[in-house]
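Chain nomenclature is as follows: A, B, C, D, E and F, assigned in order of appearance, with residue numbering initiated at 1 for each chain independently.
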Amino acid sequence: MQIGVPRETHFCETRAPIIPSDVGRLVKLGATVVVESGIGARLHLSDTDYEKAGAVVTSNRRELLSSSDIILRLRKPDLSEVTLLKPGCLHVSYLDPFHERALITALAEQGVSAVAMEFIPRTTRAQKMDALSSQASLAGYAAVILAAERTNRVFPMMTTPAGTINPARVFVIGAGVAGLQAIATAKRLGARVDAFDTRPVVAEQVRSLGARFVEVDLGETGQTKEGYAQALTEEQLRIQREAMARQCAISDIVITTAQVFGKKAPIIITREMIAGMRPGSIIVDLAIETGGNTEGAQLGQEVEINGVRIIALENMPGRVAAAASQMYSANLYNFVDEFWDRENKRIALNLEDDILQACLVTHDGKVRRDF
Amino acid sequence: MEDTRTLLDLIYILSAITFILGFKLMSRPATARQGNLLSALGMAAAVVATLMFPEVVRYTYILAGLVIGAIIGALLAYRTPMTSMPQMVGLLNGFGGAASLLVAWAEFVARPEQPVYQGVIIWLTVLIGTVTLSGSLVAWAKLEERYIPTKPVLYPGQRIVSILVLAAILVGGIWFATDTAAPEAMHVLGVVTALAFALGILLVIPIGGADMPVVISLLNSYSGIAACASGFIIQNKLLIVAGALVGASGIILTLIMCKAMNRSVANVVLGGFGADTPGKAQNVAGEIKPIKPDEAYFILEAANSVVIVPGYGLAVSQAQHTVRELMEVMEKNGTEVRFAIHPVAGRMPGHMNVLLAEANIPYDALVEMDAINPTMDTVDVCMIIGANDVVNPAALEDRSSPLWGMPIIEAHRARTVIVMKRSMSKGFAGVENPLFFRPNTRMLFGDAKASLQALVSEFKNSN
Amino acid sequence: MEILIFLLFILVLAIFLGFEVISKVPSLLHTPLMSGSNAISGITIVGALVAAGLGEGEEAAALIGGVAVAFATINVVGGYLVTDRMLNMFKKKDK
Amino acid sequence: MQIGVPRETHFCETRAPIIPSDVGRLVKLGATVVVESGIGARLHLSDTDYEKAGAVVTSNRRELLSSSDIILRLRKPDLSEVTLLKPGCLHVSYLDPFHERALITALAEQGVSAVAMEFIPRTTRAQKMDALSSQASLAGYAAVILAAERTNRVFPMMTTPAGTINPARVFVIGAGVAGLQAIATAKRLGARVDAFDTRPVVAEQVRSLGARFVEVDLGETGQTKEGYAQALTEEQLRIQREAMARQCAISDIVITTAQVFGKKAPIIITREMIAGMRPGSIIVDLAIETGGNTEGAQLGQEVEINGVRIIALENMPGRVAAAASQMYSANLYNFVDEFWDRENKRIALNLEDDILQACLVTHDGKVRRDF
Amino acid sequence: MEDTRTLLDLIYILSAITFILGFKLMSRPATARQGNLLSALGMAAAVVATLMFPEVVRYTYILAGLVIGAIIGALLAYRTPMTSMPQMVGLLNGFGGAASLLVAWAEFVARPEQPVYQGVIIWLTVLIGTVTLSGSLVAWAKLEERYIPTKPVLYPGQRIVSILVLAAILVGGIWFATDTAAPEAMHVLGVVTALAFALGILLVIPIGGADMPVVISLLNSYSGIAACASGFIIQNKLLIVAGALVGASGIILTLIMCKAMNRSVANVVLGGFGADTPGKAQNVAGEIKPIKPDEAYFILEAANSVVIVPGYGLAVSQAQHTVRELMEVMEKNGTEVRFAIHPVAGRMPGHMNVLLAEANIPYDALVEMDAINPTMDTVDVCMIIGANDVVNPAALEDRSSPLWGMPIIEAHRARTVIVMKRSMSKGFAGVENPLFFRPNTRMLFGDAKASLQALVSEFKNSN
Amino acid sequence: MEILIFLLFILVLAIFLGFEVISKVPSLLHTPLMSGSNAISGITIVGALVAAGLGEGEEAAALIGGVAVAFATINVVGGYLVTDRMLNMFKKKDK
């Protein structure tokens, strides 16, 4: 079986979908691995590094796409490239399924078995291939580091001969995977950290990291059986915003990660709230790729409103591309490994498997699940 | 003559000293064996000295008794499998009670005319000795799981019957002691003996098998009291000293054992009529074996290599600093301590790393799952702190489990597994964990931080 | 009476000593300690010996005494040996 | 007495010499405080903030300079402004005395009593006015944050379902005030930290922060009675470089702070050593303002050599300007307070004082100490 | 008659029990007072019972003795300032020895014809009682710092003289005991008494004043032995029990005290001839008072508010986690614990913050220097951990000090100051710290982490 | 002789009890405990009373006994009072 891994082409993508050590592991499974030349360039990984690991390096991207039985990549494919794919092949990548109906139909029509990384279930067993988790966690880390670099304050308390510097106050809204990692990182640096989430189970997790959970009585909120948050009612959102406003006003750094799976992210920080914040404060909006939690945030930009800097850069995991590539690559390998038939050295998709049930969006010419 | 007496008395004093020292030594693991040996020597000296007593003029019965007793005793001691030790101790104890009761009888038979206070003492010795005998027999049978059902035997009116029997024994005692020379005295004493035998059975049979060790300890104390009482009969100082030592220390030991089980003596002996034992069997095969920190300490103390598996519970209880402390004391004790971190432990990637780094646990002490699993068979103790799903063997063994196929830290393969959590409740994945029911698993219930602190104190107090 | 007072004195001291001498025993040692003190309670053998050694005209008592000796000896011999076997198991790991 | 504080004019200066709370404290001493308009702008502090604290705000810089009895500032004055100063006035600022002979002669000629912050002695009593320390410490913190932001790796170890990420290795060369703070910050973030310094007493201090001290046998090194390092012999430098090369090759981040007071900083990292490092590694050179420890480092720039990024930005404390201004301002206040005659509400310089002995470089028309 | 005797004997048994229980209670701070009261009651009962003895027929001397003794005793007890307690105990102890020696004399005078073994006991009682008396007098005088120099008095041939005196006493003993009825026996006993008096002086005078408490404890044990011996003379069980209790427990107590001082008994009593005390006065005014963790524990246990001042030494010993533990146990004990961080503590700005944050000490528990100083007078204990310069009061008081003018944390104003460091060595600034010599300062020497761990264990063991 | 043996038995038990009864005493209590046990050693008063109570013809002995009573009483009364005063100081803080 040939596994093909094209180079990522998006201008702001610094990650590589696969790293040499995982190429080696795939080769060990008995696959032929073909990668596109320059795949690891932005990570300072040369083609030779990949060749040493057992990959065939090619510059012919079309050929790679059309001859591979399995395509592994990071970002969703360009619509134009779908027709190049070998019918019946397995294609694993992010697909952005809620917004890319056309792409998915095209994949189905081409007869491709397309796996959407977004749909890997959040079960304990599937965690090793859960790229949403692995990347979100790094995004949380990167957000704090970025905020620390941008702010003109220091995070830890310092009692010095020239007076005492108070610790920075960091407020994390949404304590999912990214939020928890942000809490942990800010705590490590010595900040005073508060956090909020609508899912009540999160309070214990926040405290287990030594941060304070901001209690807001929103009434019933709940979570889906997948563990995702449910969207709030308008009234609940209003109550939340009020509480958030108070907390933001005393915070130096606000990091928002609130998302509702499959929906646009809720607006939590309004312009008035920003006006109530101290000039010089920083907001990092990690939900920007699904619409953002902050009014006025611009995808890919840092804007300043009333002296408050709102950072809404895209591809936050890409800021720590070495780690992010290592993890995404491992996610891909674990996926292939899970469904690999070691005897016949080929992929064997058991359509009954609950992981595939969830993430295999097209197969046999049909779109398999609705979303 | 007078001089022999003095010599004998001096030997008695020495034996008494060996018993006292023996007790002291036996309460520390390192010296327990010497203590036992010392008190055995004292016992031997006392026996030899007694044989030189001027009153001892006939040796046939003595020899016969000694030889028969020694053979049976040795056989019992060597033939009994290690697992049946508690019931063996119970049985031996019963024999001690029998000996005391017989000594009282012999004194009475030899000199039927006795002052009232001596009469009382004889009656008392017979009573206590007999209760010890029959109670011990029941305890033994229960633990052997033969002849008598292990579980509490209950019937209506239990207490009233016991109280009536006791009253009858009391009446018999008054009757007997007021005139031991009366012709019916022997019969009265005979009836008292029979009733006391019944009483012993009545008292022990309603108690469950799991509580038997405590009962045996209490009966042990009784046999000491019986020996002490018989010492008053024949006015022998050594009997009094040794008997009182055993009687008093037995009571203390009983209290200590009850405390270790988190029960009161009254609860065991009285209220315990039909009490259920804390760790009951569940649906999953196997039984839960809860332990206390001091026992966990002894397991860890003896271990050469320990692997700690932290989980979400460690974070919840914020026990990271305490676990480092435990690591330090264990390392000081010469144990190799490693941490095995499962990739999904906790609630975010790297959750455990954050905690352990905060507690300054060196990176070198961390081992990855893939590196630890192959060595798990050689690990003495795997200590699981607030983890659950990540050590669930169902992932390897049960195709129907939602965890099926997930790699886990194979804690179950370690020689002993100690699991620290607060209850039997499930982990994130919401599935039952068969590890907790394995024969080599011990559950140390309680908040992880509290349990760890208790363990650290055990280590610190023990040197 | 004088002697009884003496015995009482001795009793009281011995009881206190009994309470004092065992204070903190690890649960590991509960069974051995119980077994060891059980063996000591076999001290009643001394009384049994005296009874069994009774001379002429005290046949019956001596016989009872003999049986008592047998029981006590089982207790003593069995008790010490069992205890020793148990303790033997706890030998410290060789470091 | 009038205390005048001009606005900092250097383009890359983000700090303010004084902050409103210290203005308030100076006013309490009985001084009139005049500040130049816009003094706190880059810190988001408005002129009103200063006015509220009791300052007179003026836009007339010349007037401010010529009428004040005490001038407090951060950077050394422009030679052109010296003649504006009131003769006999006290002028407190950095002076860069080893390179600014002309400036100092001018100050002496103008009859100004000029204090060089660089010469505040490193004694326990003087620590509260020791700006070298307060700023160096923040520079150490900022260097680590900057490195964390620039690297594509993450600092802490992360054992995750997608594999274990090894902690970054940070190597700190020169463990003075800045180096120690860098060590502490990197440790906090979870990195594995090694450090080296030529002064042997530092080993204990490094270990007291939980980092490893790299032992190199250099023979006799010693320190001055002020606690500063002595320059090494050529032979010693060679031995050091060898040891450093080994350590750099396995490090992801190298932070250099090695300085020799009053001399050019020693070159410790040569081009060969850089060539031996992994591509993607980062070097932050904190000694750049006294010449730099790294061959090829460019003041104010980030250059890349063989994939190794060498960061040699100036004014590192300025990256955390809020904290740095707070501390520098406190240093200035503490200085004034120390020599303030509370009865007569005026400054009273006791020339015998050991602090003034050290830092008062011109007085009564004369240059008072040699350097 | 016989019945009174029995009654008396029973009362004696009760007194003995009160003494035993009294001892138990007195070894725990919470119950010590009751223990003392209980044993006093037992003593009173014993005295009353004895007065009813059939042998007691003359009351004049008894009454006189009791009244005079009670008045003097009460006066001594109430008039003595608290600071002179140790020497008072020594003096009282000497009187006890005197009483025993006189009892022996009285018995001898009343019944000069005694069997040999009684002669030996009389001689022994006189010997021990007299040594106790004279030794105690010397100890008292030394502690009072009157009459005799406090420091060891040494002269050549010290040991030889002592040994010769002892030999003479031995010879006298043999002479006396072989025939107590001989005409010269009384003179011999008189000479023995005199020599014993000299021996007591010889033994104690070479020991330094700082070691006197240990000596008094040992002499206390002697006086118990003397009482015990006099019990043998008059065949009184209570004297024997009480005397033996005091004798044995006194020896244990002496050992414990020596251990707390890190000395061996031999070192104090023999080698101690001229030993110098560990904490000697230095140039700075005042004296160093080293303490052990258990004493520090008692001070902290009783404190309502504690301020901890961390310094560079805390970092060096990496004791941040342990200090947090101590904070937790103290807070559990109801004590308010705050940390006062001096701006220049450590070796870099914010050094202490890094440590305390790592150990998860909440920011709320940190107080700035300016905030803590005004409240320092109300602080029960200021605990200084590896800090030195930052608490040096010379900065406030000594114009010549290089630290003059630096604001410090004014630890010296707290009620009690506990300083934890390894030695008397200086801090970064290299200057002597007069704080260590203040009357309210105690030095807890040792690595900060080890000391803190010891304190934590003390807290944990005590409940 | 019998009585002597009894006394010896009692002595041995009492000594052991003495050793056991005090095990871990905080140094804070060293002085009070010493002082309290010192008061107990004043038990010699019992012997002194017996001597001082001797009747006719034992003038000398009784006189000596009287002095002994005085000394012993000082020891007992002073001892208990001093101990109590000391312990009074350690009263627990009121929580």
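By definition in this document, a contact is a pair of C-beta atoms (placed from the backbone, for glycine too) under 8 Å apart; a residue touches a chain by one contact, two chains touch by 3 or more.
Quantities reported herein were computed from a predicted structural model and do not represent experimental measurements.
The chains that touch subunit A as well as subunit B are D, E.
When each chain is reduced to the average of its Cα atoms, A sits farthest from subunit F. Distance between Cα centroids is largest for the pairing of subunit D with C.
The chain pair D-E and the chain pair A-E differ in C-beta contact count, and the higher one is D-E.
Separation between the centroids of subunit E and subunit F, computed from CA atoms only, is 18 Å.
Between the CA-based centres of subunit B and subunit F the separation comes to 41 Å, rounded to the whole angstrom.
With centres taken as mean Cα positions, subunit F sits 81 Å from subunit A.
Of all residues in subunit B, those touching 2 or more other chains are 20, 237, 241, 318, 343-344, 349-350, 354, 357-358, 360, listed in ascending order. Among the residues of subunit C, those in touch with two or more other chains are 2-3, 6, 9-10, 13-14, 16-17, 21, 23. Listed for subunit A are residues 127-128, 133-134, 137, 156, 158, 160-163, 165, 188, 190, 210, each touching two or more other chains.
All chain pairs that count as touching, in label order, are A-B, A-D, A-E, B-C, B-D, B-E, B-F, C-E, C-F, D-E, E-F.
For subunit F in complex with subunit C, the residues that touch the partner chain are 3, 6, 9-10, 13-14, 16-17, 20-21, 23.
Contact residues on subunit C toward subunit E in their complex (touch as defined above): 1-2, 5-6, 8-9, 12-13, 16. On the subunit B side of its complex with subunit C, the touching residues are 19-20, 22-24, 26-30, 32-33, 35-37, 39-40, 43, 46-47, 50-51, 53, 55-62, 64-66, 68-70, 72-74, 76-78, 80, 82, 85-86, 88-89, 92-93, 95-96, 98-100, 102-103, 105-107, 109-110, 117, 213, 216-217, 220, 223-224, 226-228, 230-253, 256-257, 260, 292, 294-295, 297-298, 302-304, 334.
Interface of subunit C with subunit B (complex): residues 3-4, 7, 10-11, 14-19, 21-55, 58, 60-90, 92-93, 95.
Residues of subunit E that touch subunit A in their complex: 341-345, 349-350, 352-354, 357, 360, 363, 366, 368.
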